[in-house]
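Take a look at these structures.
The two complexes that follow have chain A in common; it is paired with chain B in the first and with chain C in the second.
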Partner chain A sequence: MDVVFIFQWLDASALADFTKTWAGLFAAVQTVHILSMVMLCGMMMLGDLRMMNVILKGVPSEPIIENTKKWIYLALVLIILTGIYEASAIAMKLAYNSFFFAKMAGLSMGIIFMLSLRNAVYLRAPEEIGANGERSESVPVWVVKLVAFTSLLIWFTVAASGRWIGFS
Partner chain B sequence: MTTNTLSKIAAVFSIAIIIGWGIYWGVQVQDTMCLLEASTSEEMPECLENM
Partner chain C sequence: MLNELLLKFATWLDTFQASTDLHEALYMYGWVEGTHVLTLTLFLGMLLVIDLRLLGVAFREIPASTIIERLDRPMMIGFIIMLITGVLLYFAIPVRSTQSIWFRIKVVLLIAAGINALLIRNMTRASDMSWDNDPVPPKRIRLGATLSLGLWALVVAAGRMMAYDWWDCHKEMPYFMYWAAGCVNELAAFE
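Showing the complex of A and B:
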């Protein structure tokens, strides 16, 4: 499917004119974009590494997962808003950049994976990996660790793809 | 959804993502490395023929 028309529309938008005029603001927005990405990956790593029993072994996993959620959502909103702002300045360059599409695919997959499988599996984590109290039914430890590893892989590639956009 | 079903779905999707996404992303990196090499060397690198 040809999606170049979306980039052409973005390139001709008032937002693109504004972004290209105010170059200094672009640098500030880019900083917020990178910081949001750091916050998102940091919160993800905190939860995923806890579920892999690598860090904070003495702390129950539930408060960690619950408390990192709101920061993950905030980071996602900031990433998307600042990302649109940044994309408007270089829309036609991004239209032919394979890593931009890899990043978008990874971001979409990461969000869907987090909202569906990651959250559901972590809610049913067994006592062995720090869930509060015994459960009548829980997901096997290896599945929880596999989901945590997959989540880490997805978000690593999203962050790395963002960096690779500049090289491709 | 029962916990058993969730476990199976999570395991299958995770393995599929690790393999599928890993291959896709690996190819993207390989292609970009090749283009970078092509842009900096005077001779055409062999990898360009396979792209």
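Showing the complex of A and C:
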């Protein structure tokens, strides 16, 4: 499917005019984008590494995962808003950038994975990982660890391909 | 005097072939910078969790000491890799970095953030941690956590701004800016 027209529309928009005019504001928005990425990746890593029993082992996982959720959602909203702002300045460059599409694919996959499998599996973590007491419908340890590892891998890909946009 | 010394040091680093090679190597430089940014997410991400707990706005059910002690190692792993890659990035572009006002601001902020981190550590160690299970820690601890978050956000901002050449030495700037950026040759021409 040809999606270049979306980039053409964005490039011709009033937002693009505004973004290209105010270089200082663009740099500030870039900073917010990076800080939001730090928030997202930090919270994801905390949850995923906890579920892999790498950090905070023995501390009940439920309050950890629950606490990270609102910060993850806040970070995602900020990332998407600042991302659209940044993209408007270089829309036509991004239209032909494979790393940008890799990042978008990873971001979509990451959000879907988090809202579906990750959330569902983490809620059913067995005592050995969750330290929340025995569950009647718990999933095997290896499933929790596999989900955590996959989540880390997806968000690593998003961050790395995002960084590589600048080099390509 | 300090500006001249710093420039001399940067110029000396610049004479190394490895410095030029790293700067001109598309993939290697990209990998080093990419690793710098990715480990920033590990270091700052863990620091964010600690500071949010010390602010009493998140992870309130978990004792503060558990969060501080158990996240210290992953945070420091991130910091060390970030530091090594940061030094390599400086080594790749020593002269421009030395004469970048943003790099200088970043270094000053890094020192301030380091001192603040030490102060927080000493404060928590000196206290009897009677507030360990309190959802909201004492005011002085919260103040330290706010400062920590603010300083590190500014460090990231200064690092991001280094990519722009608005106040590079080749630009026309007021005397103060030449001085602050350490533009030795431009300062001499000014005088």
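Side notes on the structure shown:
Simple rule for what comes next: the second predicted complex is superposed on the first by the 167 of 168 C-alpha atoms of A that agree within 3 Å, B and C clash if a C-alpha of one lies under 4 Å from a C-alpha of the other, contacts with A are read in each partner's own complex, and residues count from 1 in each chain.
One rule holds in what follows: a contact is a pair of C-beta atoms (placed from the backbone, for glycine too) under 8 Å apart; a residue touches a chain by one contact, two chains touch by 3 or more.
None of the values given here were measured: they were computed from a predicted structure.
Look at A:W71: by the touch rule set out above, it reaches chain C but stays clear of chain B. When both complexes are overlaid on chain A, the residue A:W164 reaches chain B and chain C alike. Contact with chain B, but none with chain C, is seen for A:I154 once the two complexes are overlaid on the shared chain. Look at A:F18: by the touch rule set out above, it reaches neither chain B nor chain C. Comparing the two complexes, residues 164, 167 of chain A contact chain B in one case and chain C in the other. Only residues 23, 27-28, 30-31, 34-35, 37-39, 41-43, 45-46, 49, 54-56, 59, 63-64, 67, 71, 156, 159-160, 163-164, 167 of chain A touch chain C when the two sit together in their complex.
Looking at the complex, you find that chain A touches chain B at residues 98-99, 102, 106, 109, 113, 117, 120-121, 124, 137-140, 143, 146-147, 149-150, 153-154, 157, 161, 164, 167-168.
Those residues of chain B that touch chain A in the shared complex are 1-4, 6-7, 9-11, 13-15, 17-18, 21-22, 24-25, 28-29, 31-32, 35-36. Put simply, chain C touches chain A in their complex at residues 26, 30, 33-34, 37-38, 40-42, 44-46, 48-49, 52, 58-59, 61-62, 66-67, 70-71, 73-74, 153, 156-157, 160-161, 164, 166.
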